[in-house]
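There are two complexes below, and they share chain A, which is joined by chain B in the first and by chain C in the second.
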Partner chain A sequence: MKKYLSFFRIRFNLLLQYRGAAYAGMVTQFFWGIMTLLMFHAFYEADPNAFPMTFRQLSAYIWIQQSTIALLMVWFLENDIFEEITSGGVAYSLVRPLDLYTMWFTKNAATRLAKATLRFLPILLIASLLPDPYRMSLPASGLSFICFIGAMLLALIIVVAYCMLIYIATFHTMNPMGIRLVATSMTEFFSGAIIPLAFLPTYLRTLLEWSPFGSMVNFPLQVYNGNIQGMALLQGLLLQLFWAVVLVWIGKWWMQQSLKKVIVQGG
Partner chain B sequence: MKLYLKYFQIHLHSQMQYKVSFFLTVIGQFILSFSAFLEIYFMMTRFHTVNDFPFEEVLLCFAIVMLAFALAECFVRGFDGFSSILGNGQFDRILVRPRNIIFQVLATKIELSRIGRFIQAAIIFAYAIPRCQIIWSADKIFTLILMVISGVVVFSGLFIIYASLCFFTTEGLEFLNIFTDGGREFGKYPFSIYGEGVLKLFTYIIPLALFQYYPFLYLIGKTEDIKYMLAPLIAFLFLIPCFMLWHFGLKHYKSTGS
Partner chain C sequence: MIELENISKTYKVSRRNAGFKEAVKSLFKKEMVEVEALKDISFNINEGEIVGYIGPNGAGKSSTIKIMCGILTPDGGRCIIDGMVPWLDRKKYVKQIGVVFGQRSQLWWDVPVIDSFELLKDIYEIDDSVYHRNVKELSELLQLDTLLRTPTRSLSLGQRMRCEIAAALLHDPKILFLDEPTIGLDAVSKVAVRNFIKKINETRQTTIILTTHDMQDIEALTSRIILIGHGRILFDGSLATLKKRYGDYKFIRLEHRGGTILPKAGLVVNEENQQIVKLTLDQEKLSINEAIDYLSTQVDILDLTIDPPFIDDIIISLYKEYHI
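Presenting the complex of A and B:
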């Protein structure tokens, strides 16, 4: 356990060095958030009754999403891992007395956490100073805030476990570009990162809420807003737990199978 | 031109070496922009209009921007990846060759997998054009073509700015993505829906609205003013400061040494 924790610390310190990148990222995310909200506002004006939540709740949804974008977006993949696989450098990792799955998992989670920690506070602070409907608001209640933190952690595990599947698939295809694009592009839409799932028609919404994708982004952010409470909240958390366990299990199993077949070409 | 065709052939040939990967990338590109289409579709079926633009008109706008962006990304991609050309010293080799520098940077990369976006733009055009009640007279067709060409020009200009700034920073500046990727993402709706301030920003500073919004009003018949139709021509002027910045950066170029 200690070994993995030190991996975590190394990654964290490494990323804290790149403060310039963090500022640039914050500006981008902030602008993106404002544009998204302005777009939704135009729709809101077209027909306020068709809006499935209050505009304030939407603002909180968008701001949390933008400020923690590194945490929950599937497309934040580690290029070193792809390179390790395609260049054969993975052989070095294999001789280490560490479990490869756990090591990569920690690497990913650490990078995501470090990036998000650097960025989320300033974005949320500025966002809470904006004029009213666009402002970042406080959580619905203390309880929903605590559940929100738990849901975010579970979501992070699900997202990283999903990314692990993409890395492992690279063992079989060798060129990661195609599989990466296909696996990440639809996920964004399915998980509610482009528009909250509440804006979709009921049949699609229910389907996606039960899928692992709905647990990635849509669920935790709706918990923050207090849109999910009581039994539904408990059920959602259990569903997240279920997907986390299933995805990690599949990943571990698949990795074991792939490593049996892996051939490292010298060099 | 002949030389460019030669480069084109080489790129085509090299990208065809990895056929599975190429087709997966094409499919990925298609799906990537398809999720943007889904967003428009579900939002428009829920709200019916946005800022008085119905579904078909928004689709038309979306397809124009997507086509322009895909063309720009396909041919001007060399500037987008310029930081790596600078970083690995490839640019020094370019400098010693007796050919135009911009031409050579253009030729370093031709991304054919963007065809995934072309196909989608074509399908959406095929769907939206007969349904959006535009009488396709010669001037409307001319406007449409002008919009696409001008769009390619503006996006290319943005890529050139992005590359020019690499002369000073070596790394690419991530926040300029706001205008390239952001222009594509947010340009799927006419820029007026974001309100006055944003429209002004995209008219006077980054002329995305000049090819997307004003001529679009003429295209769908919201205005008869010929000035609106010719607005994309003004956007061509955007290339002047872009090239100035490029030359300024080039003068300050110091090799990274690797």
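Presenting the complex of A and C:
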């Protein structure tokens, strides 16, 4: 375990040094959040009754999503890993007494946490200074905040485990572009990253809420808002746990199968 | 220490002819060709040996190394190294080996070399005392002290390779695999790397398996070579045996004023460039005296040198002999 922790530490420390990228990211995320809110505002003006959540809740949803974007967006993939697979550098990882799945998982988690750590506070601070309906609001209650932290952690595990499947698929396709494009754009819509799942038609919404995608973004952000409480909250956390276990298990199994067949190219 | 028996490996490779039509056709039906990279590879290597594993490009050297490192699973055969099957006991097995792939880097690109070493310390769970002793010893032998605090990306190739080799030895491996460790290095770095490898073998009794195209590496380091071609072992023995087998040849370089040299048994013209001729003399058929006598009757000699065969030439004639 210690080796993965030190791997995590080095990666985390390294990424904290990229301040330029962090500033640029903050500005982008802040303006993206503003634009999204203005767009929703136009819909809200047209018919507030057709809105499935209050505008304040929507603001909190958007701001948390933008400030923790590095944690929950599937498209934050590690180019190093694709590079390692397609160039054959993975040979070096395989001559280490390490579990490749755990190592890559750690690497992804470290990158995401490091990026999010640098960005989330400034964005949330500025967002909480905005005028009322656009403002970032406090969590519904202390309890929902604690549950929100738990749900975010589980969501991070689900997202990374899902990304692992994309990496492993690259062992078979050799070119990551196709599968990357399909998997990331599909997930962005299904997980509630573009619009909250509450805006979708009921049947689609129910389906997605039960799928691993709903557990990635929509669920933790709705927990913050207090839109999900009581039994539904417990059920949602259990569902997240279920998907985390299933996705990690599939990834580990698939990795094992792939490594048996892997042919390190060249050299 | 290392036992390989009847190891074989086949790859499936897709092939198509050039051209747009062929490219479209291969969209629907891919022609897969089976390539036998290794057939029936067997050898034993004892503890403390340095073995040069040589062969032309595509002969199967890297495949064998990858099998011995536990990265590649062979289709058939038996391979026991240090009492383990590399690809089955991978995680446990790789703790006993050190690997340097000359064409890839194991050091972290953006951080100082010492950070990569620290990470390897945790990965291999190396004891503090062992780690510090090894870093000290290796940095003395390879003159690394200033390099260790430099990020990998700002090292020259020669400096980087010295660090790579040190990185592979931090955990006191019993076996060291070096896949083209001197590729692209200048003369000074090559000599430094060779001396170091020799020293490590002597002081630590590390078994070393080395693939290279540089015959000077072989000459300086190994007493035993295994030659592989077309996935088979063609020669396994000492360098001395190999030299004796091909040592009865001499190479003659001759400059003359004009005329032609008629062929003669034991004397083969390799290259003829106006007035400069390069010949191979087979001493079993013709002595040096006879050769010079004969040549002076043929042309008006300006200059003449006689050289023993280089090991490169021996290898080329070996390749020729086995049609690889």
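Keep this in mind: the second predicted complex is superposed on the first by the 266 of 267 C-alpha atoms of A that agree within 3 Å, B and C clash if a C-alpha of one lies under 4 Å from a C-alpha of the other, contacts with A are read in each partner's own complex, and residues count from 1 in each chain.
In the analysis below, a contact is a pair of C-beta atoms (placed from the backbone, for glycine too) under 8 Å apart; a residue touches a chain by one contact, two chains touch by 3 or more.
All values reported here derive from a predicted model rather than from experimental measurement.
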| item | value |
| --- | --- |
| Comparing the two partners chain B and chain C, which touches a greater set of residues in chain A | B |
| Which superposed partner A:242 touches (first chain B, second chain C, both, neither) | neither |
| Which superposed partner A:145 touches (first chain B, second chain C, both, neither) | neither |
| Touching partner for A:200 - first (chain B), second (chain C), both, neither | first |
| Touched partner set for A:182, first chain B, second chain C, both or neither | first |
| Partner chain in contact with A:8 - chain B first, chain C second, else both or neither | neither |
| Touching partner for A:24 - first (chain B), second (chain C), both, neither | first |
| Footprint overlap on chain A, where chain B in one structure and chain C in the other make contact | none |
| Chain A - residues contacting chain B, complex | 21, 24-25, 27-28, 31-32, 35, 38-39, 41-43, 45-47, 50, 173, 175, 177-182, 185-186, 188-189, 194-195, 199-201 |
| Chain C residues touching chain A - in the complex, by the definition given at the top | 11, 62, 66, 69-73, 90-92, 94-95, 97, 99, 101, 103-106, 108, 110-111, 115, 118-119, 122-125, 179 |
| Residues of chain B defined as touching chain A within the complex | 18, 20-25, 27-29, 31-32, 34-36, 38-39, 42-43, 45-51, 173-175, 177-178, 182, 186, 189, 193-195, 198 |
| Chain C-touching residues of chain A, taken from the complex the two chains share | 2-3, 6-7, 10, 14, 87-89, 91-92, 94-99, 260, 262-264, 266-267 |
